[in-house]
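Can you keep this structure in mind? I'll have questions shortly.
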Amino acid sequence: MLSDEDLYVFDTTGFLVVRGAFDADEVRRFRAELDELSATEPYANTERFDDLTAHSPTFGKLALDDRVVGRARDVINQPMRLLEAYALRRQRHSALYLHGGYAELLDMPDRTVGRDLSIMHTYHDGRIYCTYVKALIYLSAIRTQEDGSFCYLHGSHKANFPLLRARARRGERRSLIDEGFPTLADVFVEAGDLLLLNEALMHGTRRKLSDGDRTLLAFSYGPTFLVDWRELDGETADLRGQGYVDHDVEEDFVR
Amino acid sequence: MLSDEDLYVFDTTGFLVVRGAFDADEVRRFRAELDELSATEPYANTERFDDLTAHSPTFGKLALDDRVVGRARDVINQPMRLLEAYALRRQRHSALYLHGGYAELLDMPDRTVGRDLSIMHTYHDGRIYCTYVKALIYLSAIRTQEDGSFCYLHGSHKANFPLLRARARRGERRSLIDEGFPTLADVFVEAGDLLLLNEALMHGTRRKLSDGDRTLLAFSYGPTFLVDWRELDGETADLRGQGYVDHDVEEDFVR
Amino acid sequence: MLSDEDLYVFDTTGFLVVRGAFDADEVRRFRAELDELSATEPYANTERFDDLTAHSPTFGKLALDDRVVGRARDVINQPMRLLEAYALRRQRHSALYLHGGYAELLDMPDRTVGRDLSIMHTYHDGRIYCTYVKALIYLSAIRTQEDGSFCYLHGSHKANFPLLRARARRGERRSLIDEGFPTLADVFVEAGDLLLLNEALMHGTRRKLSDGDRTLLAFSYGPTFLVDWRELDGETADLRGQGYVDHDVEEDFVR
Amino acid sequence: MLSDEDLYVFDTTGFLVVRGAFDADEVRRFRAELDELSATEPYANTERFDDLTAHSPTFGKLALDDRVVGRARDVINQPMRLLEAYALRRQRHSALYLHGGYAELLDMPDRTVGRDLSIMHTYHDGRIYCTYVKALIYLSAIRTQEDGSFCYLHGSHKANFPLLRARARRGERRSLIDEGFPTLADVFVEAGDLLLLNEALMHGTRRKLSDGDRTLLAFSYGPTFLVDWRELDGETADLRGQGYVDHDVEEDFVR
């Protein structure tokens, strides 16, 4: 489903934007559907709609739509499953600090490690193999940094060095989404655009300063041996706990 | 817990044998405990005891024993969980064909792929990261090929080429455990020995031809985002199916 | 000599710009020194000064200057040597098509290959290992694309897929330096800036359309077992020929 | 020229033995040819015949023989050249300590590094790419360890950890060729056999204790951008020195 150049771009940059993957009618319908669902507000000025496929047949169908699944399959290349489905509707003064990155650190009780296998990816014989791929479907246009644009660090999906902790150690406790960084870049989108993301990319969003909502749907896919996404603080004593343990993210460090 | 040389051996060969990890009393106790449990017979002359930790406090405790878990952690280096716990008690004329291998093929409905991310492993900054590690605790001595020794292909845990399908295509439908191969090797053990295995290694056992049982306990560990081991035929239509889809193994091919 | 963030940037992007590495006096002196040397004109509107260290003590010293060598060493991490030293002075209507790229193809008499070991690079235990590193010292400011800016494809130093031949096959025989590409980006510099380049990055320059010269010095470094740079058409019959055989570059394809 | 299984074996083990590559007449002719050449004695009980192709048309032709070159090409996959051609004729009490290994350490004046790019190898899209490949043509049978058999550490051509220095630090200053190691293995050959070797494998020979000579021819191949083999102590001050700087080998450590 992805062309050779789509694969080149996804491989070298860690993401791919498909312009106009969904038309205006669909965007309208998805926005209306969200209005019917209830949300939590985990972050300031941010509504989160969880478990979309359980609460909405429309979104249940969308999670299986070939425009999304077909593209995800081309970069996962494993029998796969849906790991999570949620929406975010954000208003002025919301933000999302940087997270991801291929070599950020994770403290375990007796050691610090520099790989998170839940975002491992590799290449073999003409195919990309990603463990965790997110499909973002934008229901708002985001045309400026003030609209809270998606931003990322170039090449961070294949980074060999960690970045965040070293900065924190030096006392640089402000987010790169505010401060900038030589390799920080933005993606601007229209409603209906699809962004296919290798979760190994270090990414976040700028601080939203403009009026109007910033709304998107997110569907994550991975191989069939992965559990549904849920946060886990760490290994449990009975070694039966399931979930995803975050390595360093900006949220751990910035004020 | 593993020494530098243990790590060197595990990294370069895909497994590590810890001689006498458990003493004769423990072996006796584990064997007695198995006698209390019920088994299925999935293969000829082979009893399988499933879900050991659910049925036996002794084995529940063993699954958390630092002699096992501590070593597994040194080659997984992620917050981890127990993925399966079972025992096999095999008699004369049982066998286990070769499976695993880092580049064997898997047919998906519309493509063939050459990586199985459930057995991915990598190295970064002084640490090995394995997705699936099995700890085999031997409760019988296996001193000859006729005892059904563990056998494996040298270096297959890092193989770049597939092996099995090419053989099958040429009509070579007998198992390498019978035929041999230039790089096929055996491991001989005593009761109480522990074999720590990177599941990416292509391995199996020789055909057991001697009297007496061949009994072992197996505990598998992996990162916390992995589901319990269960076989899955392939991706399910609702993309919610969970499990492990096997790539090519000898069982698919040999007569 | 490179900071942690310098290494992060070089690793993730394939190059590093050191602003103001040389001061205005030095730039003036280097420009004056070039005026004393003779050049060839291998491309239209482009003078090339070869073998700088043989013809100029000033440049001989510069090739060993720690500001250049120290930085190159931090990304080569091998006992090293100087592989070439040249300057380019370009005028209006000069251009440099894209070359490099980590997975572009090379035809050998009986096979096509997708790696060029002369630009291999890897990472191990906290260090980057590059085979071929070029240090570009700019003696002119290049502030716009019309000045013939250095341009490159994001992440192409770690590309798993080839790009150029597929385009040529489709008949797309215009250079990306004119056409653009979603991941093509520019670097703007001042005189005195140093650009440290992993030769595996696909890079070139825009077509120079502005007045004034575009002048730079280039010093290439690599491990001591590499021969001096010279172009070689291919393996010689006596297997004694020495040199560098180019894989696909835009020059092979564009009109 | 190499079959799929040859490639599997070379990839997974780091070498390949081709039985009977040269017939008894050829072996006789090669031995007679050596008798005409002069040798040095760089090690006890070991004659070394250097630069074979310069001194013997027979060996000049052999260095280009497709049985050797064709196989080397299949694991180098680059335009290539001959890097060295020599013979060793060894007698009782000669030995060759272990050298090679993919992650052994090298001290540079200001840092220690863990990769030697002159023995780098990788895999991409169905092909192996080796930087340094040696073809050993045996002119004597070596049927026991006492004959001074070729020995190697399993999987050391892809080792992620260093081995030798850690041992030396602990005061273990005897060679593994005498002491053994869990993963040390031997190769036994007949006269006329060819051993194709990835130089990244840690290898050496047992101590020769039997009567009769142990004679072989060695031809090394690599990409065209490599200099002829010569030992270099380290980077030269003018950055023009050419050659190969050894990382840790047993010879540095054993008594």
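Chains here go by letter, A, B, C and D, matching the order in which they are written, and residues are numbered from 1 within each.
The criterion applied here is as follows: contacts are C-beta pairs under 8 Å (C-beta built on N, C-alpha and C of every residue); 3 or more make two chains touch, one makes a residue touch a chain.
Every value quoted in this text rests on a predicted model; they were computed, and no experiment measured them.
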Steps in the shortest chain-to-chain touch route ending at chain D and beginning at chain B: 1
Equivalent interface positions on chain A and chain B, same or different at half: same
Maximum centroid distance from chain B, chain identifier (CA atoms): C
Chain A and chain D, separation of their C-alpha mean positions in angstrom: 49
Rounded Å distance between chain A and chain C, as computed from the means of their C-alpha atoms: 35
Residue numbers of chain D (touch at least two other chains): 125-126, 160
Touching residues on chain D, where the partner in the complex is chain B: 4-5, 7-9, 11-14, 123, 126, 128, 153-156, 158-161, 163, 166, 182-183
Interfacial residue positions of chain B with respect to chain C in the complex: 125-126
Partner chain D, residues of chain C touching it in the complex: 63-64, 69, 77-82, 103, 108, 111, 113-118, 120, 122, 124-125, 127, 129, 131, 160, 221, 223-227, 232, 234-245
